[in-house]
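As written, the chain order gives the labels A, B and C, with residue 1 at the start of each chain.
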Amino acid sequence: MWDWNYTWEILPQLLKVVPITIAATLSAFIFACALGAPLAMAKQSKNKWLSLPVSAIADFIRKTPLIIQLFVLVFVLPTSIGLTLSPFVAGMIGLGIHYSTYLSEVYRSGIEAVPKGQWEASTALNFTKTNTWLRIILPQSIPPTIPVMGNYLITMFKETPTLSAITLVELLMTAKTLGSSSFKYVEALTLVGLIFLVLSYPSALLVRALERRMQAREGSAAIK
Amino acid sequence: MDLFSLELLPPLLSGLKVTLLITMYSTLVALALSFVAGFARLSRFRVISGTAAVYVELFRGTSLLVQLFWMYFALPILLDIRIPAMTAAVIAIGLNYGAYGSEVVRSTIAAVPKGQVEASIALNFTPFQRMKNIILPQAWAMMLPSFGNLQIELLKGTSLVYLITLTDLTYQGMMLRTYDISQTTAIFTWILILYYAAATLLTYVIRLAERKAAVGRG
Amino acid sequence: MSQNIKNFSAEPIVRYRNVTKVFDQRVVLKRLDLDIMPGEKIALIGPSGSGKTTIARLLMTLEQPTSGTIEVNGELLWHMQHKGKLITANEKHLHRMRSSIGMVFQHFNLFPHMTILRNVMEALVHVRKIPKPQAQQRALELLQQVGLQDHIKKYPAQLSGGQKQRVAIARALVMEPKILLFDEVTSALDPELVGEVLDVIKGIAEKKDTAMLLITHEMDFAREIADRILFTDGGVIVEQGTPEQIFENPQSPRLQAFLTRFLKERQYGLASETAAAGAE
């Protein structure tokens, strides 16, 4: 059944790939955050020639599986444009592009949540467009999106096993290699599950606490 | 240009059939679990709500692919039984999305205004009737948009079953590629189109249901 | 006036005895004793937070008393006999007891997913188990009575506040309760819609021998339809009597202060309305 000796033997090998897994998550998240902003703006643009195609592409990316998009990056790009990416870079770009479409929606909802009166008041006070964005709109729209962004960070972390399909040596890949060489899948795969749980659950609790604090603040602001 | 070469279609369509089948079975499992666990979490009895909470956190806290591998590679060793890949896939995907779905059920039921419960008490409905006739129809209308999003995520999630040897759309594409690597671009173009079409169709069906459930609001 | 010659039978239909309700260590109702006679129309007035609403919510079984007993038709509402001991009532007991009580809420609480007609029919069909055709007939009669026969296919969201509240009244009335509770039913309405709702309630008060407990801030209305007025403050009934006694000859300083404040507010309200009209 469960082999404790074997468990202790493989645990360090699994823990060794935790940093690369987290590095892949964080770099993909930063990429997604950066790409999400222009995406949100393009989708909101009054110019239909920009907003419609960008919205369609974003919708297409959201509705097709990440694993296929990763395969496109590593199998199609080399043959079509002669660009070969390392598994890590391909994983970062693929995961990043996929989730940028989700994050662009978060940005949009954050901006839309700012009441119209705030724009009107800014106009009435004769703020420039830049100042309106920087001093009035963004300071109000960013805080409520932080918990949502946190949730997406955790979701992306849990998506990293998919990167094993393009041979990135992350947690699941390592566990599978260990498992197939010893036929002791139970220990390796259970450990991977536990590592994910230990890292993601406290983060999720943190995000929820943040969310509650945010709501409480909104509530008290409403009473004032 | 053979980008849309039609001879690729028959094997890909047979893969799509498997994908849709897994989607359907997993959706049924996930939907059932969403309601069971969602109601369980609202239970007054700590044992029931606690058990449901552990299930939800466990499956939301780990990764779908890890769960899929665990069901397919680890569980058979642990129980010393054979679990067909299809069964493992449906159970893992169903359990995973059921955990997310139960949060939707729990939060929408909790979001039905308190006055609705009070009015149904004042009209002397039984607790069961209150849930069935008053609370659930209103919560259901709120559930559908979230269920729609989860349905798309579930469809996309089924692409991972290729990694446990099921012959779904992704698998068929990868097989075709081993026969003729020069077709790579065409194969992936078709796969993306087919997934997109399936997702769009599912979105459309759920929109219809949403419209039906939204009568009277707004 | 008609209410003065009404002859109430000796047995009260509702009897609060020594009822106390505590929320989060805050006593909202203190040792309440109150009898309601069959067919009696009682108005509850008093400042907000004085425990008025709690009195109605306890009777509708929306809140459980912290201590004390409530009897309806001579039977305990919140308690029942079990192996010779008095225990908290179970859902089955409450279900049986509730059939003589109805309530209209401040925020209507209409079912948004049902048409007006179904809102009124739903409980007749599922609680009273009346066959659908008869239930529909009854519902239509009631909707006609509140003047909404032309809106039966609409959904609550398509109605004005006053219309919604009239539907809610029909919905409660169709169940033929022996006692009907009105919890500040005009407080959530725009001022110009208050009249139509009060008129409907007046009509019911004149025609039906249903006992009514009205929690209200509409003093003229209370005066017009109530047999008895209770003034509550700080969780106790400070003073009670006929409308004449309460409004013409208030005894307690607290009631006097309340009525003076109310009169002032009304004058101020009228003044500000005139000002607003002038500004237009």
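As a convention for this text, a residue touches a chain if its C-beta (ideal position, glycine included) is under 8 Å from a C-beta of that chain, and two chains touch if they have at least 3 such contacts.
Note that the structure is predicted; figures quoted are calculated from it, not measured.
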{"item": "Farthest chain (mean CA position) relative to subunit A", "value": "C"}
{"item": "By mean Cα position, the chain sitting nearest the middle", "value": "B"}
{"item": "Chain centre separation in whole Å, for subunit C relative to subunit B (CA means)", "value": "47"}
{"item": "Rounded Å distance between subunit A and subunit B, as computed from the means of their C-alpha atoms", "value": "20"}
{"item": "Centre-of-Cα separation between subunit C and subunit A, whole angstrom", "value": "53"}
{"item": "Subunit A-touching residues of subunit B, taken from the complex the two chains share", "value": "57-58, 60-67, 69-70, 73-74, 77-78, 152, 156-157, 159-160, 162-163, 170, 173-174, 177, 181-182, 184-185, 188, 191-192, 195-196, 199-200, 203"}
{"item": "In the complex with subunit C, residue positions of subunit B that touch it", "value": "113, 115-116, 118-119, 121-127, 129, 133-134, 137-138, 141, 213, 215-218"}
{"item": "Partner subunit B, residues of subunit A touching it in the complex", "value": "1, 60, 62-68, 71-72, 75-76, 79-80, 158-162, 164-165, 171-172, 175-176, 179, 183-186, 189-190, 192-193, 196-197, 200-201, 204"}
{"item": "Touching residues on subunit C, where the partner in the complex is subunit B", "value": "60-62, 91, 95, 98-99, 101-103, 105, 107-115, 122-123, 126-127, 155-158, 168, 171-172, 175"}
